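Order of writing sets the chain letters: A, B, C, D and E. Residues in each chain are counted from 1.
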Amino acid sequence: MANAHTSTFSAFKATLKRDLLIAYKRKNDVVNPFMFFLIVASLFPIGVSPEPERLSLIAAGVLWISALLAALLAMDNLYRADYEDGSLEQLLLSPHPLFFMVLAKNIAHWLVSGLPVVLVSPLIAYMLSLPDGSYHVLFLSLLLGTPVFSLLGSIGVALTVGLGSRGLILAMITLPMSVPVLIAGTLAVQQTQNGASLLGFLAIMGAMLLFALTLAPLASAAALRISVN
Amino acid sequence: MWTWFHKLGSPKWFYDISGRWLPWLVACMAVCLVVGVIWSLLFVPQDYQQGLTNRIFYVHVPVASISLAFFPLMAIAGTVSLVWKMKLADVVVKVAAPLGAWFTALALASGSIWGIDTWGTFWVWDARLTSLLLQFFLLIGMISLRSALEDTDAAAKACALLSIVGTINMVVIKYSVLWWDVLHQPPTNFTVDNSQPNGPEIWIPLVIMFLGVYLFFVISLILSVRNEILRRERRAQWVSELAAQ
Amino acid sequence: MDQTTSATSKQSPAQNQAVLLQASELFCERDDRVLFSGLNFSVSRGQVLQIKGGNGTGKTTLLRMLCGLNQDFEGTLYWQGQDMAEQEEAFHSALLYIGHRVGVNKVLTPLENLRWTCRLQREVSDEQLMSALAGVGLRGFEDSQCHALSAGQQQRVALARLLLSQATLWVLDEPFTTLDVDGVALLENLLQQHAARGGAVLVTTHHNLQIPGLEVLTLG
Amino acid sequence: MANAHTSTFSAFKATLKRDLLIAYKRKNDVVNPFMFFLIVASLFPIGVSPEPERLSLIAAGVLWISALLAALLAMDNLYRADYEDGSLEQLLLSPHPLFFMVLAKNIAHWLVSGLPVVLVSPLIAYMLSLPDGSYHVLFLSLLLGTPVFSLLGSIGVALTVGLGSRGLILAMITLPMSVPVLIAGTLAVQQTQNGASLLGFLAIMGAMLLFALTLAPLASAAALRISVN
Amino acid sequence: MDQTTSATSKQSPAQNQAVLLQASELFCERDDRVLFSGLNFSVSRGQVLQIKGGNGTGKTTLLRMLCGLNQDFEGTLYWQGQDMAEQEEAFHSALLYIGHRVGVNKVLTPLENLRWTCRLQREVSDEQLMSALAGVGLRGFEDSQCHALSAGQQQRVALARLLLSQATLWVLDEPFTTLDVDGVALLENLLQQHAARGGAVLVTTHHNLQIPGLEVLTLG
C-alpha cells in the first residue's frame, strides 16, 4: 500500500488551522483572556488605592502580573480537551516530529490568548496612570514576553494534563519559571523611565524568547509523551 | 388577564404588534433626536460651559441612565422566563445583554471623552465609573456564557439565573463601591454640574434628548427581539409565509 | 502465565516480508500484578487478530504498548523485522490507532475532525471526507458539532478514518462499543476488506466477530 | 420493597466526608491554593518594588487580591471531576434537597482551599511588611471573606461546569461579583489602621457571609440542574 | 413517527398498582430533528424493558428525560399513577440510574466510591459493600484507585450498586459496554432477579439480551 504522506509543514499548518478554528468556534477563547486581564488589573485600584499617584507607582508591575495570570488561566485550554478526547494520542502517533506539532499549538494559542492582551495593554496602562513615556516600552516588552509565558506554560500544562486538578499545580510550575521574564519586563518599564536604554532590555527579552522558542517545545513534547503514557 | 399574558408570550403576536408600532416609534425618535441635537448644539447658551465637547452632556446623561436599567430589566425578564417559561422573556434576556454592553460601553466612552476635557484624563477610579465598569464586565461574562452554552434551552436558564444573581450583586456592588469611594478619597469634581444653575434653557433640551435616547433604546430592543424571534422560529409556518412575501 | 498464539513464532525476528509486527517475550506488570509474561506473537499482512480476555487482563495495556504510547514493559517489538525503536517514523506512517478515547473534538464538526486527523497522515480532499462520513452513516450530520451527537455517532466519526486510511496496520481498542447492529456489520466488513487488501488488524472486543479467518489471542 | 432511607443529614455528612477524602488523596488540593497564594503575593515585591515602605502601602490589597485569585483557581476542582465522571448526576438524583449536598461540597472545598490560605496569611503579610496593628484584622476579615469567595465561585462553576474552557468565563462571572467582599476586606484593614472600629467591618462581612450562605447554594443548585441537562 | 409498544396503554394514568412509570405522548426534538413524537409506554413491576434503536435514535435522551435529568420535552410522565412533577422525592428514592458516565471517581477506591453512592440513598455497612464488590469480581481491587482499573473494571464498580440497591426502578444506559462475557452473564442474571423480586428495569443496549420475558421498545 503506497503512503502518500504530507510534509511536516502541511501537518503543521493543519494543526495550526485546527486550533484556530476551535478557538473561533468557542469565540470566548479570544475575548476572555483580555477580559480577564482587564478585570484583574482593575482589582488593584479597588483593592489597593484609586489615587493616580499611588497607582502609577505600581502600574507596570500590576500590568505584568495581570498579563502573567491571564496567560496562566488561558493555558488550561492548550492540551486539556485534546487529552480528554484522545486527539493528543493521535498527535503523538503522527509520523511528524512532535516538536513542530507542539509549536503549532503554542503559536495558535498565543495568537488567540496572548496577542489580544498585548494589544489592549496600553488602554489599561492609561487607566492605571502609567507614566507617559513608558507606553511603547510596555507594549514592546509584553510583545516579546507573553509568548515566553505561553511557551513555558505549555510545559507546565503538558506535565499536568493527565491530573485531576491541574489549575494550581500548573501555577506552581509555571509561575516560578516565568519570574525572569517578569523581572526583565518590569525592569524595562521602570528603568527606561529613569533614562536607561530600551534596546538592552529588548535584546535580553528577545534572547529569552528565542531560547524558549527552541527549547520549550522540546520539553513540552517530552512532557506530553510522559503524560499520555 | 391570562389570555393577554399568554398572547404576550407568543413570539408571533409580538412580532405582529411590534411591526405595527415600529414606524410610529421611529418617527417620534427621529423628531426628538433632531430637535434635541440641534437645540443642544446650537441654542443652549455657551457661557456656562467651555467648548463644544461639553455638549456631550446631552448624550452622556441619557445613555448612562439607560445603561443602569439593563440589569433590572434582565432580572425581571429572567424571572419571567424561569418561572413561567415564557419564550419571549428569554429572547429579551438574550438580546438585552449585548445591547446593555453596547449602551454601557457608550456611557463609558461618552463619559471618557467628556472627562478628557473636564478632568484632563479619561479615567478616574470613582464610584460611579468603577461600578459601571464592573457592570460592563458582568455583561461580557454573560454574553460569553451564552455563547459558550450551545444548547439554547440550557443557555436560557443559565443566563436567566445569572441575570438574577447579577442584579442582586450589582446592588451590593453599587453600595460597596460608593462606600469605598467615600472612605477613600475626596469627592471628585463629578458633582461640578449639579451646582450649575439649571435653568429651563438647559433642562428642556435635556428632556427632549432623554426622550429621544429612550426611544432609541426601546426601538433597538424591539428590533433585536424581532430578529431573534425570526431566527428561533425560522422553521415555523408563519415565518416561511413571511419570507415568501 | 506464558502465552503463545496461533500466530506465534519463537524464532528470531521474522525475515518473512508478510510479518508486520512481531512481539517477543513481552512482560508487563502494573501495580504489582503481572499482566502477562513471555508473550510472543506476530501480526502479518492479511491477518485480523482479535485480542480477547476478561476485564482487566491487559488488552488495552498491550495495544498501547505496541503503539508506543506505553513504554513500561520488558521485551522487544519488531516492525517489519527490525527493532521498533529505530523504526518509529516508518511505523507511525503505517499505523492507524483508535483507542478508547476516539480522538473526536466536541466543538468541531465531524467533517473538521476527520479533516485534521487525516491530514496528520496525508492530504485528502473534502469530497473524500464527505463520502467517508456518508459511508459510516453520518450523512446530514457533517456540520453538527460533535457534542450534539450520540455516543454511537461519535464512535462513527472516528471510524470514518478507516474508510480513508492508507495505513497498513490498524490497531483498534473496543471499536464496537456503542455501535448499533448495522454499525457492527459495517465495521466487521471494513476489517475484512482491509485484511483482504493486504493490511493487518489488531482489535480488542468482547463481541464474537463474524470474520472469516479471524485469529484470536487470549490474555489472562 | 422497603426503602430504609438515610436522613438528609447523614447524606450531607457522607458527601462532606467524601469530598474531604478526595482532597486528602489528591494531596495537592490542600497544598496548592496556599502555594499559589504565596507565589502570587511574592510576585509583587518582584514586579512592583521590594522596598518595605512601598510594599506596606499595598500589602493589604495585594493579600486580598491574591486570596481572591487563589480561591478562583481552586474553584476548578469543585464540580468538574464529578461532572465528568457522572457523580454529579447521582447527586442530582439523590432523594435529598440539593441545597444541602451543595452546601456540603462548598464547606469541604473551603476547608481544603480557603482555610489554609487564611492560616498562612499572617506570614505573607509579614513578608509584605503589613503595618503592625493590622494582622488580626487581616486574619479575621479573611476568615469571614474567603468563604464568600467559595460560595460565589460555586455559582460560577456550577454554571460553567459543562463547558470546554471554563477557566476564564468563570473568572469573568466570579471576579466582579466578589468585588464587594474585596472592598470590605481591604477597607477593614486600611481603616482600622486609621483608628476606625473593627466591629463595624466585621459585622458587614458577617452579614455578607450569612447572605451568601443562605442564597448562594440555592443558586448553585439551580445552576447545576441546568448544566447537567 | 407515532410509536406504541407492547407495554403501551393509551388510557389515562393507570390505576394499577403494578404500573410504576408511565409516559404519555412524549415528544422530543433536538437540533431541529424530531427524535420521537406521541411516544407512549409504561413500565410495571416484574418487567425488564429494553430500549432499542440505531445510533442517534434517542435512547439516551429518553432515559435522561425519564429520570428528570433532561427537561426539554413535551408530554407527561406519571410515577405510580401520579404526575411525576409532584412525586419527585418519592421517585428519586425508588430510582437507581447508571448513565453513560457511570459516576465512579477516579481518585477514590471502589470501596469508597460505592460507599458514597450508596449512602446517598441509605445506610450500608462496609461488609455489605465488600461483598458486593466481590460479587462483581473486584475482590483484590477494593483498595486500588479507580484510575488504575481497566474500563470494564470501572463499569463493574458502578454495577456493584445493583447488588446493594433497594430501589424499585433501575434505569441503565448501555451497562454492557466493556463488560466481558462473564460480566454480561452476571448482569443479565441481576436484571432477571430484580424483575423476579418485583422490581422493574429500563435498559438500553445493542446486545441481544438473554432474559426470559424481556420486552422491547424500539425507537427510530
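By our rule, contacts are C-beta pairs under 8 Å (C-beta built on N, C-alpha and C of every residue); 3 or more make two chains touch, one makes a residue touch a chain.
Worth saying up front: this structure is predicted, and the values here are computed from it rather than measured.
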Partner chains that subunit A and subunit C have in common: B
Pair of chains ranked first by number of touching C-beta pairs: A-D
Chain whose average C-alpha position is farthest from subunit A's own: E
Whole-Å gap between the CA centroids of subunit B and subunit D: 33
Between subunit D and subunit A, distance of the C-alpha-averaged centres to the nearest whole Å: 26
Whole-Å separation of chain centres (CA-atom averages), subunit C against subunit D: 46
Distance between chain centroids, defined by C-alpha means - subunit D, subunit E (Å): 36
Residue list for subunit A, restricted to those that touch at least two other chains: 26, 28, 32, 35, 39, 46, 49, 81, 84, 164
Interface hub residues of subunit C, defined as touching at least two other chains: 100, 106-107, 145, 148
Multi-partner residues of subunit B (at least 2 other chains): 134, 137, 140-141, 144, 148, 153, 177, 180
Contact footprint of subunit B on subunit D as seen in their complex: 155, 159-160, 162-165, 168-169, 172-173, 175-177, 179-180, 183-184, 187, 191, 208, 215, 219, 222-223, 226-227, 229
Parts of subunit B lying in touch with subunit A, wherever the complex brings them together: 121-126, 130, 133-134, 137, 140-141, 144, 147-148, 177, 180-181, 184-185
Interfacial residue positions of subunit D with respect to subunit A in the complex: 26, 28-29, 32-33, 35-36, 39-40, 43-44, 46-49, 54, 57-58, 60-62, 64-65, 68-69, 73-74, 76-77, 81, 84, 164-165, 167-169, 171-172, 175-176, 179, 182-183, 186
Subunit C residues within the subunit B interface of the complex: 145, 147-148
Residue ranges of subunit E touching subunit C (in the complex, touch as defined): 30-31, 53-60, 100, 137, 141, 144, 148-153, 155-156, 174, 177-184, 206
